[in-house]
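Quick one: the structure is below, questions incoming.
Order of writing sets the labels: A, B, C, D, E, F and G. Residues in every chain begin at 1.
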Amino acid sequence: MEVAFAALIGIFFMVAVYLMLSPHVIRILMGVVILGNAVNLLIFSNGRLTREVPPIVPDALVVAEPTIANPLPQALVLTAIVISFSFFAFLLTLAYRAYQELGTDDTDNMRIAEPADEAAPPTGY
Amino acid sequence: MRTVIFRTTAPYLTSLMVLFSIFVLLRGHNEPGGGFIGGLIAASAFAIYGVACGVPPVRRALVFHPMSIAGTGLFIGAISGIISLFEGVPFFTGLWVYPSIFGVELALSTPLVFDIGVYLVVLGTIASIALGLEEREKI
Amino acid sequence: MNSLFLINILMALVWAAVTGSFSLPNLLFGFALAALALSLIREQVGTVGYMSRAWRVVSLFLLFLYELVLSAVSVAKLVLSPKMAINPAFVAYPLKVDKDFEITLLANLITLTPGTLSVDVSPDRRTLYIHAIDVTDEDALKREIAEGFEMKIMEAFR
Amino acid sequence: MSFAETFMKVAIDISLATLMLAFLLIIVRIVRGPTLPDRILALDMLVAVGIGFIAVIGIKTGFFLYIDVAIALGLIGFLATVAFARYVLSRGATVDEAPDPEGERNIIALETQRTVEKEM
Amino acid sequence: MDAAIDGTFLAILAPFVAAALAPFVTRIAGHNGAWLLALVPAGIFVHYLGFLGQTAGGAGIASTWDWWPAMGWPLSYLLDGLSLMFALLISGIGTFIVLYAGGYMKGHPQIGRFLSFIFLFMGAMQGLVVSDNLITLFIFWELTSITSFLLIGFNHKKEKSRRAAIQALVVTGGGGLSLLAGVVMVQLVAGTSDLSTLLTQPGLLQTSPYYLPILLLFLGGAFTKSAQFPLHFWLPNAMEAPTPVSAYLHSATMVKAGVYLLMRMQPILGDTIWWSTILPIFGGVTLIVGTLLAVRQTDLKLMLAYTTVASLGLLVMLTGTSNEVAIKGAVLYLFAHSLFKGALFMVAGVIDHEAGTRDVTKLGGLRKAMPITFFAAILAALSMAGLPPFIGFIAKEELYLGIWGTSPQFLALTLTAVVGNALMLVIGFAVAFKPFLGAKTETPKPAHEGPILMLAGPVVLSICGLASVIFLSWTGQYLIGPMTSSVAGMPLEANLHLVPAAIKINLILSIITVILGLVLFARLAVLRGAMNGILNAIGWGPDRGFDQFMSGLVISAHKVTRLLQPGQMDIYMKGAFIVTAIAVLVPMIVLDELPAWPEMPQMLFYEWGVMAIAVIGLAAVLAAKNRLTAIAALGIQGFAVALLFMLFGAPDLSFTQFMVETLSVVILALVMTRLSLYQNDHRSPVKTVIDGTVAFAVGGGFFLLLLSVTQQPFNTALSDFFREHSVAIAHGRNIVNVILVDFRGVDTLGEIAVVAVAGLAILALVRFRPKKKLPPLTEADAIAAQKKEAAV
Amino acid sequence: MDDIILIVSGVVMLVGALFALVAAIGLIRLPDLYTRTHAASKAGTLGSGLMLLALAIFSQELDVVTRAIAAIVFFLLTAPISSHLLARSAYIVGYRPEPTTKCDDMADYLVDESKQPKTLD
Amino acid sequence: MAGKPTTPVDITGAMVTEAPALADWLVVAPVIICLLGGAFLLAQRKNTKIQGWTAVAILALLVASCVGLFVHVLNNGTIVMTMGRWLPPFGISFAVDVLSAVLALIGAVVAFFCAIYAVTDIETQERRYGFFPFLVLLMAGVSGAFLTGDIFNLYVWFEVLLIASFGLLILGNDKPQLDGAVKYAFLNLVATTLFLIATAYLYGLVGTLNMADIARRVAVLPDGAPINTIAALYLLAFAMKAAAFPVFFWLPASYHTPRIVVSAVFAGLLTKVGIYAFLRTLVLLMPEANAMLSDTLIWVAIATMIVGVLGALAQNDIRRIMGYLVISGIGAMLAGAALSTDLGLMGAIMYAVHSMIVMTALYMACGLMIRTAGTHDLRKLGAIYGRDPFLAAVFLILAFAAAGLPPFSGFWPKLTLVQASLAEGQGWLAFAILISGFLTTIAVGRVWAMSFWRGGPLGTPDGETVDEKTQPMVDPWDRRGLVIPLVGLTFMVIALGFLPQPFLNVAAGSAGGLLYQETYTDAVLGAQAAPGEVAPESAASDNSNTEGPMIDGTDTKAQPSGESE
């Protein structure tokens, strides 16, 4: 199963990176979302995969069967999901505000902080 | 979006969702759920309320500014970890008490308090974002 | 206030159902939570006085379900028929009911009944705009609604 | 294995296959559009079928806790559709969809947008 | 070595204390505060005088003061003939410089700051010469560069001053770094950086395989500081500084730090083929170039400055011979030079101060107006010219003796020395006689004698040049002899005689020098014209090269920076991901960490189906013709991921993923309401291929790495622990939630902090109103506003 | 008894899945947004509702049943609202139905809309 | 909800049974103080009047707790507290050695002075939209990152400080800010995501997240386990966080855009956390992989130093000059880290401490310069020497310190790094360190000469100064509020220059802590072997590693986790 997941994750990363290489902020943001999913799947797979059995201890037991899915990566992914969601929300708002203020969503045209025609500093003393 | 149909239904949907969110929060320790998902559901509830009835009713419903709710949640979350200081155990040690109310034993614990903090943070933050974006639009 | 209390109790029951425990403490807790949840939306529910006849809601709901099944089956027939001959139309239905709640209910019922879909209510609340998927006689449709759901709603809530 | 159990197993597999097919068709609609509301409708459908899928998996595995996921999905799906509808309203039918030849015929004058803006 | 504080440490600290006090003293006492402040260097001078007896035998006194045990860097000093001579020069000349500065800067609003800098320098220079530890020496070395920077740029509103200051800082600072590397290498090779220890191990460094780099690094420091050709140019430019600075730093003391360093290292680095080749060549060339360039000048200070360059060249040349007699000559010359050059600079300053110009062509006949100055000038010039009975003469005698016949190239060295000294005579006479003799010329200011503060220095120093000859045996025994011993690294005596016992080659060379000098002096105008012609023909010099270096540095830095930081984010992203691909693929391939060929996965049909949905979603995102399609497609892949989580036993994840993914898509769409965007992701075919390749490499790398990792055995200790204790101790059946709120609750605590902060940041983004940019409020605005108010 | 439960829930599940498929087919085959909405809101809702019901029956656990019912109720409440909101928005901003649709009654819908005073809150 | 347990449970196999000493709470105190304080400020967001001084008070408390922690660590060696009482490696351990303690302390001090500066510099609207909560929560992230002993928890703290930095960066919503923020945010997101990816793989390989446990398990990995690849990923992630060549883009793109005090905070803290994480992860946890990568890293360090300072020479905006100087300094730290010898690590750590202080102070000084001259453009600056000689002196000290000139704080790390590189025969590295110092001298000397000495904007005739009346007024009270923190930091710069011995000793202790892995692992996990693995060779020789470059009192005792004195 890990192989299939690895391939799927590879595709996720590929698409994410390709989108993030776009100069358009909205595409980059989509890349960020996919990147987040890729990473979540990556963490999940690194804890090794188990089919179907959730890491919840049944009422009858005190110690869960060893067949349960590995709970730790799930907790890590949960944390990561929440964090990446917060970041996504921020980035999206940032892109929106940048678009409003700078009049573009094309990062190639965002040249206020680093102007394209910046002169060399004075060479005198 | 404030059609008669939606406006009439939305408050009930909202309160049902808030109820469900608290349910998800409280039993997260034993079944899927917890503070984060609960908070998200609650925030979604208020988002629906806001879309249907406008922002001001949501603000009035929440009483406090959503970011203050989030701040309080964070405060509660951190406090739940420090309680263990007074028990002489390390930070964030889960402490449980079982008070009996009306003859029924309740399990109260610092993890639960912490999860409530998580709930409030998520609720406050998402609500703040949604309301902020919503209000911005009108300006 | 009366109706709110009822709703509150209803919601406490829902809570008990959802949590799967009808013990007294859980009911009380559910009641408290429902009160809290209701207090959040106090502005909107303050004016609603129709929920006092809660049981009618349940009976209407059953009707609702029944119509839904019929409706789904008719959609299925339509979609699976090879030719799929349809005559869609927008219909402006003049409303007799004028209370928000009644309008809402009617609109939702219409959506879930065969072939019709509520699109909007005019801002003066006198017209319900309906999309019908296969209509040959608009007046017949209007009559059907007027004598069917609308009548039943008026019976139930007046 | 009793007949009922065998029946259940087969029913589950058929259901899953049916749902997969449904997913596929819905995705086709999402991708093809042609209009934004069509896509939104299809996403709404995707959620609905997803709820069914979760229920079937719940039956297959015997883990009924998945029903909570289904409920949450229902809630959030509703929110999504509401939000998208709102988006459609505030955004209007823009040239965004022009590249889809099929969509063009559905796009009429943009004057209506003014109406929309007033309503917002 | 003892560890207690003694008087020398107080002497080292004293100038720094004086630096702190100087502004207060001058605020109270004005320029006459210099009298009080001069007591500090005078006291230091007296303190060092007391050591003369102890070092006379060639002995060195070393001491360490751990002034704040376990906190401060311990101070240690080494007093021997060499350091003592320098310490005496620094404090002695320093005394008169302080007085002189008091007169020179009279009425200047920043006289206190000026004196403060002078004292800072004095402290640094003194510390440099008495330091026993090479690192301490280096610290003081750099401190002299810094104070020199401040002093040269003292007239900071002039661009020339600023340029000269930066130039000095760049050249000497750069040399300092070379020295630092040298010091560290010595430390590594010898295991110590204490001179007192190093000096007991002669031969250790010379035989080390690292000798040549060490030597070159030390020379880098010494040659820049002591202005050896072709790095000499900063020194004449430093004449932009007020004259007390020129007299003190740039003739008598700081520029000799390089010579000091060479002399100090002579026993441990000297007497090798490299040493005695490089030093004489650089020194000799510097001597000739310096004097020739001096001839060209008409500015008194510049003339002196170039001869200083020349003299430093001479000293380096002599030190490079590693020959005791030549070293003795060098020591004598160093001593003499400090006296006469200090005096002459001060004379030049007095003339400038009182007559308003330093241009030698505009000066003449001042002897009546400034008799005392004239007297001091003559004494100093005669010493400089190497005429008896001045110390300059003695020095010249010794150095000719030292050069002649002591090395294979002695003829070249001798010729160099003779020509150089002759030209030095020319300049000395030009400075000392031209302004005073002849007809009185009109000067910008009506010239009169300078104040006593300014005259004390030149008079005393020039008289010293004579007195040291009068007490020649004392001079030899207590000053020259010990210092020569230190430099040569062996006990030597200096028997000096004014009247040579026999007519030797050196006397003949001296006579030739004087005659040649006098001839050239008579032809000075011609000589000057010729030099001007030659230099104009060359057109380029290291000084202009410095400007080219600086502007070239800035311009090329600008170009490099523009190349590496082009301002476009897609390039930054591409860079980041290319490096990512390299970071994953290269080690995996090079270090053989690739996975084994995997087995075919065993998956159920609907699992494949859900994966296929994910892939279709991704493909749809990429293929989307417009962004709305892309966003909808984004929903598909998120949905599929949530289903995958569900299928593989992660209901909580599935739960959260559904909610978060839906919310993401919703917010994305909502925010897009406000953006009317272009639709297509246009990339040129080339860019598509490049981006695609990068994306493929990154994705492929992560795929391979995941395979490789999952093919390794897995440690389940943590998961087993959670499984076992979740219910029993943590009272929770949902192990994931127990991990989140208990086992790893701190993660979640941080996570909610992230959520809350993100919320606030978004609020700030949405709500914060950018200020209208107002021009800053100025005093003029305020006055205007006040007037307005008054009018109302 | 268990067998009956199994068969009943299996059948309900199958029917639900088929309704979901029908809805999806409708989504593909029907000509415009408004007609597709019919398919989604009716067959789709019923389909997922039935599958949840199947789960409820299959589980035989009270809390699962009550939750399943709660979920079904919620879907039934929300499905008409979402289709109403979507269809309304689409119509208002100008997504027109397929050409054969009769729109006579809608002639003054939008005009009315703009003339009406706001009736919000 | 699970009911009350009916039978008592034996917790000895799962939990620490001894109570932690009260002093051990200092390990988490910095994080708790910042989180509680940040939460309070967040809840009181609109009460803008109290925000400033409350934040100062919170950060003063933070400084106090960090001082306490530092002293505690110096006296008692590595201090460990595992959260939730769980036995390490199962809970999240905070493990504080000298390195962590000293960086946390300096970070706290820097933030404290920045808060004082901000009280004057930050206006009401910025306060309302969360400057002080951002700052305090940033410190929660920074402190957490320095103190935690768990790799995933480190990631979480990284994110905390990153999101807080986003908040600080955009506060103001000016055009350049938003432009800079877009680049900063996306590129930093990539960096932290790489960190998370590397951590995911590492977890997949060793199955644990506790750093000490990781160290033990990495040491016994079978051949073919892709640890070097993972190390390379970590290297890249931290190089990006630290703004090393060739992935420093985000820093020059953004550091000049926010409020100056924000730049000051960033310059002091952000990149250094990257360096710290690099040291902690690569040097301590995977020394062998680090050795494999060291040749690459040396060239990265050289390029970073040189490119950084060239960038500084190429700018007109003094804030951007400072940004590039930060990068150049990162190169120096990487140089030490690449060598990974006693001396090299000492140099890197000292440089980090020095750079935290001096770069923050330089940005503060730039803020004052901008207020005084009304511009940040090198072509328009001038004549500040006459108007504010004190500022001139302070700036010069800081500038020379940044260039590594004695007798200021920058000299000792530079000396140590030169010693370290020459001792390893890395002549080119030493050369690059010295050249970058040389070029830095030129860069800062030019800035000083032009902004302070020159009589006015470029082209002002010799001897003239601009009319002071046309220059902006700096309110004397404002100036006081801004100068006090600046002086505080400058005093530290001078003190570290003159009193290097403790500086050297602490750096030696920190370096020793990184080089002697067992000291750390034993302190966290106790001296027993990693579960299921062979016993580490040094299990018996807990106290034997004092021959390292450690100062008195820092040789750590093998300390079973959570055990009190």
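We take it that a residue touches a chain if its C-beta (ideal position, glycine included) is under 8 Å from a C-beta of that chain, and two chains touch if they have at least 3 such contacts.
Just so it is clear, the model here is predicted, and its values are computed rather than measured.
Visitor: Starting at chain D, how many touch steps does it take at minimum to reach chain G?
Guide: The fewest steps needed to get from chain D to chain G is 2.
Visitor: Could you tell me which chain's Cα centre is nearest to the average position of every protein Cα atom shown?
Guide: Minimum centroid-to-centroid distance belongs to G.
Visitor: On a CA-centroid basis, which chain has its centre farthest from chain B's?
Guide: Of all the other chains, the one whose centre lies farthest from chain B is E.
Visitor: Sort out for me whether B-G or A-D is joined by the greater number of C-beta contact pairs.
Guide: Result: the pair with more contacts is B-G.
Visitor: If you average the Cα atoms of chain C and of chain G to get two centres, how far apart are those centres in Å?
Guide: Averaging C-alpha atoms per chain gives centres 61 Å apart.
Visitor: CA centre of chain C versus CA centre of chain F: separation in Å?
Guide: Computed value for the inter-centroid distance: 13 Å.
Visitor: List the centre-to-centre spacing of chain A and chain E in whole Å, with centres computed as mean CA coordinates.
Guide: Roughly 47 Å, centre to centre.
Visitor: Round to the nearest whole Å and give the separation of the Cα centres of chain A and chain B.
Guide: Chain centres of chain A and chain B, defined by C-alpha means, are spaced 25 Å apart.
Visitor: For chain C, what residues touch not just one other chain but two or more?
Guide: Only 14, 18-19, 107-108, 118, 120 qualify.
Visitor: Two-or-more-chain contact residues of chain E, please, as numbers and ranges.
Guide: As it turns out, chain E has residues touching two or more other chains at 159, 162, 166, 550, 554, 558, 562, 565, 567, 569, 573, 577, 627, 647, 651-652, 655-656, 659-660, 663, 667, 670-674, 677, 702, 706, 709-710, 714, 716, 718-719, 722, 724, 727-728, 731-734, 740, 742-749, 751, 753-763, 765-767, 770.
Visitor: Two-or-more-chain contact residues of chain B, please, as numbers and ranges.
Guide: Answer for chain B, listing residues that touch two or more other chains: 1, 3, 5-6, 9, 13, 16, 20, 27, 29-33, 36-37, 40-41, 44, 53, 57, 67, 70-71, 73-74, 77-78, 81, 91-92, 94, 96, 106-107, 122, 125, 129, 133, 137.
Visitor: Applying that definition of touch, give me each pair of chains that meets it.
Guide: A-B, A-D, A-E, A-G, B-C, B-D, B-E, B-F, B-G, C-F, D-E, D-F, E-G
Visitor: Under the definition above, what is the set of chain A residues touching chain E in their complex?
Guide: 1-24, 26-30, 33-34, 37-38, 40-42, 44-59, 61-64, 66, 68-72, 74-79, 81-83, 85-90, 92-97, 99-101, 105, 107-108, 110-111, 113-116, 118, 120-125
Visitor: In their shared complex, at which residues does chain D touch chain B?
Guide: The touching residues are 65, 68-69, 71-72, 75-76, 78-79, 82-83, 85-86, 89-90, 120.
Visitor: Which chain F residues qualify as touching chain C in the complex?
Guide: Checking each residue of chain F against chain C gives 19, 22-23, 25-26, 29-32, 34-35, 37-39, 41-43, 45-47, 61-64, 66-67, 69-70, 73, 76-77, 79-81, 83-84, 87-88, 91-92, 97-98, 100-106, 109, 112-113, 116-117, 119.
Visitor: Can you list the chain A residues touching chain G in their complex?
Guide: Residues of chain A touching chain G: 20, 25, 28, 32, 35-36, 39, 42-43, 45-48, 72-73, 76, 79-80, 83, 86-87, 90-91, 94-95, 97-98, 101-102, 107, 110-114, 118-122, 124-125.
Visitor: Using the touch definition from the top, list the residues of chain G that touch chain A in their complex.
Guide: 152, 156, 159, 163, 166, 170, 173-183, 185-186, 189-190, 193, 196-197, 200-201, 203-204, 252-254, 256-257, 313-316, 378-379, 446, 449-450, 458
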